[in-house]
Structure formats: structure tokens, C-alpha cells
Amino acid sequence: MVFQDRTGQIAGNLWDADDYMVETFTKGKVVYMRAVKELYQGTPQVNKIYLRLPENTEPNDPKDFKPKSVVNEKELRDYIQKVIFKIENATWNRIVRYIFKKYDKAFFEYPAAKTNHHAFEGGLSYHTATMAQLAEKICEVYPMLDESLMLAGILLHDMAKVIEFSGPENTTYTLKGNLIGHIVLIDEEVSEAVRELDLDNDKEDVTILRHVLLAHHGLREYGSPVRPQIMEAEVIHQIDMMDASIMMMGTALNQVGTGEMTPRIFALDNRNFYKPNFDQK
Amino acid sequence: MVFQDRTGQIAGNLWDADDYMVETFTKGKVVYMRAVKELYQGTPQVNKIYLRLPENTEPNDPKDFKPKSVVNEKELRDYIQKVIFKIENATWNRIVRYIFKKYDKAFFEYPAAKTNHHAFEGGLSYHTATMAQLAEKICEVYPMLDESLMLAGILLHDMAKVIEFSGPENTTYTLKGNLIGHIVLIDEEVSEAVRELDLDNDKEDVTILRHVLLAHHGLREYGSPVRPQIMEAEVIHQIDMMDASIMMMGTALNQVGTGEMTPRIFALDNRNFYKPNFDQK
Amino acid sequence: MVFQDRTGQIAGNLWDADDYMVETFTKGKVVYMRAVKELYQGTPQVNKIYLRLPENTEPNDPKDFKPKSVVNEKELRDYIQKVIFKIENATWNRIVRYIFKKYDKAFFEYPAAKTNHHAFEGGLSYHTATMAQLAEKICEVYPMLDESLMLAGILLHDMAKVIEFSGPENTTYTLKGNLIGHIVLIDEEVSEAVRELDLDNDKEDVTILRHVLLAHHGLREYGSPVRPQIMEAEVIHQIDMMDASIMMMGTALNQVGTGEMTPRIFALDNRNFYKPNFDQK
Amino acid sequence: MVFQDRTGQIAGNLWDADDYMVETFTKGKVVYMRAVKELYQGTPQVNKIYLRLPENTEPNDPKDFKPKSVVNEKELRDYIQKVIFKIENATWNRIVRYIFKKYDKAFFEYPAAKTNHHAFEGGLSYHTATMAQLAEKICEVYPMLDESLMLAGILLHDMAKVIEFSGPENTTYTLKGNLIGHIVLIDEEVSEAVRELDLDNDKEDVTILRHVLLAHHGLREYGSPVRPQIMEAEVIHQIDMMDASIMMMGTALNQVGTGEMTPRIFALDNRNFYKPNFDQK
Amino acid sequence: MVFQDRTGQIAGNLWDADDYMVETFTKGKVVYMRAVKELYQGTPQVNKIYLRLPENTEPNDPKDFKPKSVVNEKELRDYIQKVIFKIENATWNRIVRYIFKKYDKAFFEYPAAKTNHHAFEGGLSYHTATMAQLAEKICEVYPMLDESLMLAGILLHDMAKVIEFSGPENTTYTLKGNLIGHIVLIDEEVSEAVRELDLDNDKEDVTILRHVLLAHHGLREYGSPVRPQIMEAEVIHQIDMMDASIMMMGTALNQVGTGEMTPRIFALDNRNFYKPNFDQK
Amino acid sequence: MVFQDRTGQIAGNLWDADDYMVETFTKGKVVYMRAVKELYQGTPQVNKIYLRLPENTEPNDPKDFKPKSVVNEKELRDYIQKVIFKIENATWNRIVRYIFKKYDKAFFEYPAAKTNHHAFEGGLSYHTATMAQLAEKICEVYPMLDESLMLAGILLHDMAKVIEFSGPENTTYTLKGNLIGHIVLIDEEVSEAVRELDLDNDKEDVTILRHVLLAHHGLREYGSPVRPQIMEAEVIHQIDMMDASIMMMGTALNQVGTGEMTPRIFALDNRNFYKPNFDQK
């Protein structure tokens, strides 16, 4: 069982649940818990759990207890619009606008992952926007990178998670998510856009945008059917890794005190991280 | 340099080629060669090579010197038609017909690979037909396998090699072949067929056919963005491996005498194979 | 704890067993259970278990609750005899007859594995017979395969499991099974047969049969001391994999409804499989 | 044999060199070459090579034919000073100043690698400065990163290459380079600085700086005795990879025309990269 | 929870601990236990645990219940002195003496590991002494090995575990242990010794001793920043593996009867070992 | 082409061999060579080769130019007899005597490997004897090791190389060597001995000796069908690795001067080793 509030998540087992408890405390409900927090193989968990439902005046809306995106949707929308505006290649710009129009609502609601990094409501747009920010900065250092391609690739790279996932809450994989996956699903969306916008499917820039999207997991083992063979594809992959890992490390470090180690993070090769006492400088 | 005739290929180096030779003996030409065949690290190669062009009455059409498909095109076409006829699911049947109509000519001309197995003209249709034969036999042993799905998946699995490769001769990868690959390219073709045939893209059988095609390389490391998660997808992958490996072993064994080892076959983990003297039984 | 009936197995924990329970409900006994079936990390298990012994008139013979081979022993025996008859090479035919005579009874009783595929009584002969069927079909497609070698290799490949395992029920590994393994144990049986039948141990066909048996796990990592270097050895390995994986997928799919995913199957790289709603075609 | 001019390097073999040639055309000399450029397994090389020494008035100073750092030393020095100034933690600032004073001259002369990325004179300082630029930009996006630690770690991370390498030209590994390596050698330099500056070796910030330096190769397989377990250590590793890979891709792309593939780059998993025709937008 | 007495350790879970129990039975305390020993996935554990504190006259000093080094400290000290005396190279001899003087007390108290092999008080000196014995024997067989280097390397190889670990009891990793590790920490100690003893840091024998220490884990994956490139470094690594594995196997075999298998040993690739009935010879 | 004299081997290519040369300078002949020794990718080779046959009075017996075992056969025979005498378990002693009697001559003539370590005439007995010496020493350190089992296992472990290899000169693999391998071939010899000596094949000590032999390559990837699960099996594997690696390092170091690196040794993960100037102590 995993308990979650705005500050994070913690696992725990309820060893002697009776029928009443099983029926009462279900997934997605707000419960009040009293428990003992302990370490199990280096990972915190709660034991000796007492649960009850919220009483009359206590808050009982699950939304109040979920982590929220750090930036509000309005600001994200404005920034994404600004980024689209910077895509100078007309083919890419039109494809991006077509797909953003189609999935506008979901893009700002969905998480970026089922677990791990950015697994919160609005996480998809937040992750995308942070990557775009990184790309803008990095293009200042390396003028040989094509900024339009970087930004078009980043804006679309995870968009098909709105098809891969069931929705922003109690997120599971859809059948298409399981059997096709968001990498091929975004390729399908680009092909549809090319057709609907009457673009030339054999033009090099269409092939390159598709490549950048297909290759963004970097390694075939991670689900990309092709490895990056365009410089911008490689750099987008690295930016994706950088933002995902910083988000995971930052989230874990936020939950421990200075001078402590975080729990092990599975998606970072099971490493744990130390939170230094920097202010003693 | 690789020399090829109808019986196979052999590598050799021409260490002291002068300008005349470089201009005269180019890729795709028929040449007459006298040379010494030797073993280099267990692989045969030719050394001390003397080359000349064909003279007046000698055959000089490259087509006469290329390995040919073992079965003629007419028989292959008839068999493929019979197989399509056995696909009972209407959705899959219509998608297969649509794509076969679109790429009819190329399907019977292209090789199945640039090197390795079935790397000869007509190899693609020959490999596909042999896999279909295997599938028919295997479905007799395991009635729980859906034969329609097996056959539809096999007929389409490598079809996009006609987009991935430049053509049946002096085959190279196209830009789309390099940057997108035949696995995603066939997915795009299926999506197009679904749209043009006005089928329902959200029906389960469309998703399942796409999965079977995307997963046919079996492992992500081999370029499949998803691993087989439908029983038929797993078995199609195994049939693909079986036919490819038997073709590679058989080709290599055909080129050595009984009681000899073949050269090492890179695509079979660099193993070499022994050709026994079975008739002594 | 693992509970088993004719339809499959399920795991569960009895957290608060008292002395009476530990003594009463032991391995191999028939018990009646009432429990709640739940998912634990995607795998079904039972919780809140109530157990009791069978009462007067209730069935209490463990044999009535074990999965049985799908084909009856009589049919299997007849088919195996037919297969032996098809082995034309006299050396192989005599070795196969010698070993089948020696282990006749056990061969039709033992499972093919301790867990995973064909882990039921009679599983060894069932698995062997299905592989022989596949080999017969595949040899029709590829006439260059030596059918006698294919069938001799398949009939013997897992035979030494009758030495490796303790017996058909509550199967464990014997000391020889642990320290030597069925791959080398069948090699020892072949050597004994060669000696007892006064065959020439240095004849090529003896060496080749031994190679086919030693190599049937395909990879050294899986316990074969040599990798397949005879074409038939490679194909037997592939047939073994095909039958084992289809059996595992089929068993798992039989236990879920259409539109559901199976639990993850460890021996298939921890994949789970989807059971489609094919009849909606 | 590898030939090099300011635009890059190319390999070639001189198959029939006589004594005169072997003595005349030695490593580090300027030679004039006429040759045929060909592809060997996808990598360009020169064949049919004619070599001669420069004549009277022709340039003959090797320095004129080596790639030069893209930025001049004066600018690099100024920027590095500015970066040191931004390190607010006094311990780190003093250690960095101590080591930069000790190796000032070599730091601006040495390459960053023997082959692969930044393998040119001044490459070490150029690579270091570019990474510092990236760090400054990335810290703007992620305020939780400690910029002082990022900059101190980057300035020192490759500094011990001035001990690992023999010098800026015809670079080889020294005995200490081979047997100890620059990762442990910089740790020794920090320990010396701590002692000479009378800092407290047990203070957390000394340990953390040492960790960041020891972990900068990211994986143990790449020679880091510890994996990054401080957030800034992980990000410095990623910045190092990003700059090294962009330098390698950029160098390779500079040597081919638009619409062409680069040769395969060994250090990037043997991938080759496509140079698109972006201006056709 | 792990229970330990002089004969070994065993794991168990206390599912229904109340507050009293949690406060009473804490880490490092002597408790009296009554429980049922069972196998869980092949590993023994205790269940149905009853715990109580020692009563009046019962032994209650934790030291009485810990495994002790098999040889007494006096003998170990004498042997270590003898070994140091055999190091003929003056540089190495002085460095070894310097470091042994500095850490004399801890060296004879610390364990050699937190878990796994030699994880008992005094284990560090015991492991070191056994390795030195092996080295003396092996140098008799291979006279080309430099015995001084072998012995100096062995004496120092794990010494920095006295910095890496918190202490001989309830051992945990220190911050330096986590972030720097004993391999680099001993390198720092050697550098300090070189400086304090006014030795020449650029002499080859200093570099070689440092290499031997840095390389003693054999593989980079195991935390050595360099792989052994001196013959003695490779052999020291092998001796280290040999003693660690024999200690782990021996400890596990001591806890089972003849004719039984040990539990699986994680650090030996999860193998379990059979204890034969040798006396039946 | 590989040239060999008593001091070692060196590779070289004869680029422009004419017919006369190909016929004259064949494998196994004594030739006189004048050539230039150069480094190719860090490995020495000879170029610009001039070859001639020995003249009248020059030595022309190939045996005079092959590396010889360092110890003479008489001493080896005496030592091996002494070792057999130390095997106290009667079963093992009789099996060892049986097999040594059968292969007496070949055991003292064959090499221990086709290439790599001990690839010289008499290398098999030399390698076996050195391992036995190591075992005797190591058993002094660890009295819990059963010395009889150690010695019996070592004496037989590589014995079947006399079946695996074609003979002591121009060594190649036999068909049985290729398709069965010396690990299973020695198992067959033990089974034969058990039968001929009328021993009980089901006694534990027979099974254990077979296990030790089957497991001596340590890892399945290296051709052992079972991993060591008896303590002595693990230690024999380690002794085998130790002697093989010391022989390879020692041979390579003998061919370079002090202060130099050896060529890279493929079988030691392609490492090269440094030969120190130890006498400067």
C-alpha cells in the first residue's frame, strides 16, 4: 500500500485488515493515518498503522492532498506559446501547432510518468517546459545546434503519453500504451498531421523530426527503435535524462534533512544521494 | 572487395591496383578472375588476384551471375495469394490487401536483407513465404494460435524493407531506412491503410496487428520498440529467427564439403558449423 | 505457500499460523480453502485464508487435484513408438531404443521441469512428443534437415530429467541433478548404450548425437557446455524454446479472461501477455 | 598511419615503403601528400599515397598544420578567472586557486584527451571553459543546484590530465597516467592543497569536493571509484558527457557535406551521424 | 530483523511487535529467544518468535555472543610484524610501518566487511594475515613474483576500512566511506606517508605501490579506478578473492550438516554449496 | 602468419608472396628471416620480411626452435607420482591411476592450450604440476579443504585435452574436441573408469569428483555445464585461473625490457602489463 500527501509518498503494509477496512479505505480516498515511521532495508515505511476517514470539518477532497505542479498552468501555457513561436521551420511549426491543438487540454493535465519523475498532475507540461528552457540555454553555448529542431522535438517528445496513459489520476497504461507505446504513437500523430496539413511526407525535415522523436529514449534498450543519428536528437535525449534525473534527485532530497541520505532511487541505478550541510561554508 | 557469383561470395584485397584497374573494375560489373583461394583467420578469401573484363562472346550481364530465388516468382505469387485468402479477420485481410496492392512489384523484387540471410533478389518474398509455410504447420500443432493473426503479421512484417532499402541491386539504406527503419515504416503503412479503408483505428484488432509488427524483432536491442506481449507476436518472432538462421546455416554449409567446418557466421554469434558425412549410416 | 488445483497455482501467506495449523496442513495434502484473491505487484495471491481438511465424503486424494497431461499416456506411447520407427540411422535408432527401454516407466510419469513449463505429471513425455510433432512439420519445410537426427535428438534431449529429479511428485533435485545436471547425465547414458550395444564410439554419428544433446540449451549460460555447431542442433534448440514458451504463455492465458493481462512470467523475461477478444472480428 | 591537417585527420597505409621513406617521413613532420581518398568499411582513408617533404618556400612548421583552439588563450584565461571568482565557498575557492596556480601553464596548453574529443592543443582549457558555461546556464534553470560546487568541480575535474599525459604534442600516457589515472591524481592534488593551505581535511565540504571529482566519470566501468551520490556530482558528469559528445559530433559533421553521413564514431557507440540540409526550409 | 550468536546469524520477522517490544529489544542487546526455525525460499529463518531479556544470573554482555577471530590478537600481531620485516624494499617498508603505527589499534579491532566475509571483530587483521600467508606460499611456487611488493600491498590493501567504517560494532559507513571509499582513502594515506617520510613521490616504486592498492578490486565495476597492470597487482587481487570466498563458503558450510546444501550466498553469485560426507571414504 | 622461435612468437604479413614462396615456406618448417620489427596498434609485428631456408650446416630441425617445458619430463613424472600417492580416498585414487595409465604418454607431450597459456610441448603436464603445487600450499593455509579431492581434481581437470587436441605439434581441435569438448570428455573417461574398476557409480564421491571436473571452468559462459557448488571445486577453478594468468603475464613480461609495457593480452581482457625496474630499490 502506498500513502501519499503533498510532501511525498511512503509505503506501508496493513497486516491485519478486516473486511470493514478493505471496503472503507480504497484507492483515491482521503484517509487520516497515525503510524510509526521506520526504515526497511534503507527505505522508510510506516508500520503499526491506524487509519480513519476524515470527519465533518476536515478536508476530504483528494485534490488537496496531491503534489501540484510548481508553476501554474497559465504561466506554462504562455511559455509553451512563446516556444512554439520560436520554431522557424514552417513544416515543424505547423506540425507542432496541429498536435498541440488536438491535445491541448490533456497536455496540461497529464503526468509525465506513472511513477518516477514528474509523476504528478501537470507533470507532462512542466517537464516539457523545463526541457525547453534547458534547450534555449544550451543553444546559446552551442550555436551549431538548430534551435527550431530542438524545440519542436522537445515539445512533441512525450506528447503521446496522453494516449499511453489512462488519465491524470490513478494513472494506468491503456491497451495502446502497453502494446504500442508513446514513442510510436507520437510518430503516428506526426504522420496524421503531415497528411491533414498536406505537407510532403518525403521532405527531409519531416523524416528528421520523426527521427528525433523516435530516438529520444537514446538507447534501443529503453524503447527507441532507432538510436540518435542527428546531433539534435542526441542532445534532446541528454536534456531529457538531465531533467528527469534532477527532478528525481530533487524530490528525494526534499524529503530528508541535511546530513542524511535519501532512500535508494530505483530509476537512478538504485543509488541514494547525500544532502550536504552547505550553509556551513 | 567482395566478389560474387551464383554460388556465393568471397572477399579479397587488390593491394596494388593502378588507375586503370580502379576505373575498369567497378561495383556491379562482370569480371573474370583468376586467383588463389586461401584461409584468413578461418574465413576463405582470394589473393594474388588477376582480373579482366569479359571478352566478345563471354556472358557479361550481371544478372546472370547473381544468386536467384530458389522458387520462381509465379509460384510465390500464387502461394502468397492463397495465404492472404486464409486471413479470416476482415480488418486484417483488408489491411494486408491494401498494402500488398501498393507495393506489389517491389515485394517480389527486393532482398530480405542487405547482407546476412536472404540477401538476394526476390529474397523478401521468399523469406516471407517460407515463414508463412512454417506458421501454417505450427498452427496445426498448437490450435490455440490464431492463424489469421499469424499470417497477417508474417505477410507484413518485413514489407517496409521496400522503403528501407534503395532497391533490389547494390542495395543501400535510404534516409528513411536509416533514420526511421522498416519497423516503424510498416506501422505508418498500416495507419495509412486504416484511414484510407475507413477502418476504426481504436478497434482492438488494429492495435494488435500493429503490436505484432512492432514487436517482431523480439528484443528492444534488435530495434523493436515493444517486446512481444501477445502470444502470436512471440511465435512470429521465433519463426522469423528460425527461417533466417536456417537460411544462413544452409547457405554456408552449401559452400563447404562434408566433413568440413563453414566459415564463422557473424550473425549467428560468430559460430561455424560442421557438415557431417550422414550418408555413412 | 503455494496452493494448487487442477486449474493452476496461486501463492498466499498464512501470517498467523498456530501449532495446530503447521502440523495439519502439510505439503502434498488436500485442503479446503476460503480466501480473498488479490493482486500483489501485478501477481494474484490469496489473503485472509481459512483452511480446513476435507470432510467425510469430500474428495481427499491429492491426485484428483493435480493438473494432468492433456493427452493420455496410451496415445503418447503410440506416437513415441512411431517416432522411434522413423529414425533411419541404425546407430541412433539403437541408442534411442536402449535408453527408452531402460527408463520407460519414468519417462511417462515425470514432469519436464520443476517449475515453469510442463511442470505436471507426464509433462516430460508430453513436451517431448510435441517437440517431435513440430520437428516432423518443420522437416517438411526444410528438406535439408536430417529428420532422423532431429527425432533422435528430441526423444533423448530431456530424458535424464528422470535422474535429475527426485520423482513425479513434490519434485526436487537429486544430488546428481544438482552437481552434474541432466545435460551431462544423458551424455553418460549415450556412452553406456554405445558400450553395451558394442557400437563404435569413434564413429561420427555417435559424436554428432552427443553434440546435439549437449548443445540443446543453445547458450552456455543456460548450461550447454558447447553451443550448437550442427544445423540440426540449432533447430532442436529453437523447437525446445518454442514449445516451452508456448506452453508457458498458454497456461498463463488460460487463467485470465479476454481483455486481461496475465501475471508476469519470470522465465519469459518477466513479460506479461495480453489475451485479446478475437471473436469480435 | 594517420595524416592530419587543420581540417581533421585521415588514416592511410603505405604498403611498399622503402628505407628512405621510413627514415624521411616520421611522426610530427610536415609532409606534402597526393593520394586517392576512398571509403574503407564506411570510414574514409587515403590510398595510393605519394609523399614528399616541403620545398624551399613552402610552410614547414608543424604548428601551422594542427587544429587550434577555437577561442584564444587570453579570452579563456579571463573567463576562467571570472569563474573562479564566482566560487563563494571559501574552502573550494582556495583549493581551486592553489591548484590553478601550480599548473597554470600546462592547463592552457594540454589537450583534453589523447584521441576522441578535444584532442587538440589547448583542448583541456577549452573543454573546461565550455562546461563552466553550461553549468552557469543550467544553474539558472535549477536554483537548487549549488553553483559554487558545480564550478569548483568542473574547473578541477580534468586538471590532472596535465600529469596523466606526457605533454601537449605527440601525447602519450605517463607511467602515473597509466597506473594511477587522472581521477585519483586530482584527488591527491586536492589533499596536498588541503594540507598546504592548512584546511580541515575532515570538513564536509572537502569530502564533497573530492567526491565530485572522483565520481565525474559517472560509472565505475569508466574509472570512477565511486558513483555520483551528490546531486551536483551527477549533473557535472552529465555536462561532461554533453560537451564531449557535442564536440565529437560537431567535429565529425564539419568534415562531411550536407546530406552525408559522418564516419562511425567509436566513442559514441560506433554511431554515424547525418548532416541535414536544413537551409531548404 | 537479524539474530546473531557465536555460531552464526539468522533472519526473522516479528510481525506483531507492540510498543514494549520495540523499546525493549533494540540493536546490540542480548535477548533470549524461543522460535521455530524454517526455510524461506531455501534460506533458514525463524518464525513464531518469543523474546525475553536475560535474567539475573544469565550472561548479558553482547561481547560474549559475537563471533570471534579464530586466532588471538597476540599471534596476529606477531605474524604481522614478521611480515613487515620481510618487506625488503626500503620505500615500501617505511610506508607500511608509518601507516601501521598510525592505525595500530583499529587495525586489530575492525571487521573486514560490513556483511559478507570476515564481518566479525578482528576480521580485518585476520583476513590480512591469511592473505599474507597465501602470498608467502604462492611466492614459493612463482619466484618471479616480487614478495616485498606482494606483502606490502596485502598489508595495506584494506587498511582504510578503519576510515570507511564507523567502528568494530554495529558497523556502518562513514561519510568518507560512502563518498570516497577505502580504495582512494588508502591512496591518500600513502601520499601522506610519502610526504611525512620525505620520500620521492615521483619514484617508480611509490607509483607501483599506489597502483597495487588502487587495483586490488580487480575490476572497475568493483570500484578499482584502474585495472591491475602489474603482475603482483593481479595476483594480490586473486588472493583477496580466494580468501574472501573460502571464508564465506566455510562459514556457510559450518552451519549445515553433512549431506546438506548451505543457504544461497549472495556474494558468490547466489550459489549454494553442498557439504559432502567425505569420511565415508 | 606467425613466426616462432624459442623466445616467443611474432606476427607478420608477407604481402607479395609469389608461388615459389607459398610452396617453400610452409607451416612447421624452419626458415631464416630478416625483417624489421615494428609496433602495430601496440603489438609488435615484423614487416619487410626476407625469408630463406636453412643452409647446409645450419640447424633445420623444428624441435630445436620450439619453446620447451621449463622442467624436464623426468622431474614432472616423479612429482605427479608423488601427488597421486597423496590421494587418500581409494575411489579417487583408483580412478586417477586408471586414467593416467591410459593416457600416460600423451599427458607428458601435449600442450595445455592451442594458444594463450602453456601452449608449448609438455605444457599440459607442466600446468597440471604447478597447479598441484599451489594446491598443496593452499591446503596448508586452509585445513578445511580436502587435499585428496583437490589433487585428484587437478590431476584430471585438463587430461581430456589429449582427446580434444590433434597432437603436440601444429595443434588443432579434433571433431570430438570441437563438438564435445574436454570438459565432457573427461567426464566420459571417469565413467569408463568407474565401470572398468567396478566402482559404485552412485556413491557420493564419484558424483563429487565428476562435479569438480565439470565445474572447473568456473562459469557456464566458459563452458562448465555446472557452476562450482563444492568448496574444493571453486578453489580448483581459482587455482587454474591463477596459474594460467601468471603464465601469460610472465611470458609476456619476459619478452620486454624493464620500464616497458607488454603487448596487450587478449585472454586477460586485453590488458597490457608494466615491467618495473625493481632493482632500483
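Structural remarks
Labels A, B, C, D, E and F are assigned to the chains in the order they are written; within every chain, residues are numbered from 1.
The rule is simple: a residue touches a chain if its C-beta (ideal position, glycine included) is under 8 Å from a C-beta of that chain, and two chains touch if they have at least 3 such contacts.
Because the structure is a prediction, the values reported are computed rather than measured.
Shared contact partners of subunit A and subunit C, listed by label: B, E.
Comparing mean CA positions across the assembly, the chain most remote from subunit A is F.
Mostly identical positions are employed by subunit C and subunit F in their mutual contact, as over half of the interface residue numbers are shared between these two copies.
Between the two copies, subunit C and subunit D, the Cα superposition rotates by 180°, quoted to the nearest 5.
Centre-to-centre spacing of subunit D and subunit E amounts to 40 Å, using the average Cα coordinate of each chain.
Computed from the mean C-alpha positions, the centre of subunit A lies at a distance of 34 Å from the centre of subunit D. Here the CA centre of subunit A is 44 Å from the CA centre of subunit E. Those residues of subunit D in touch with two or more other chains are numbered 15-16, 175, 178-179, 204, 208, 229-230, 261, 274.
Chain pairs that touch one another are A-B, A-C, A-D, A-E, B-C, B-D, B-F, C-E, C-F, D-E, D-F, E-F. By the touch rule above, subunit B contacts subunit F in their complex via residues 15, 36, 48, 261, 274. Contact residues of subunit C toward subunit E in the complex are 15-16, 22, 175, 178-179. Within the complex formed with subunit E, the subunit F residues making contact are 88-91, 130, 133-134, 137-138, 140-142, 144-146, 148-149, 203-205, 208, 227-231, 234-235, 238, 241-242, 245-246, 249-250, 253, 261, 268-269, 271-274, 276-278, 280-281. Note for the complex: subunit E touches subunit D at residues 175-176, 178-181, 183-184, 187-188, 191-192, 195, 204, 207-208, 210-211, 214, 220-226, 229-230.
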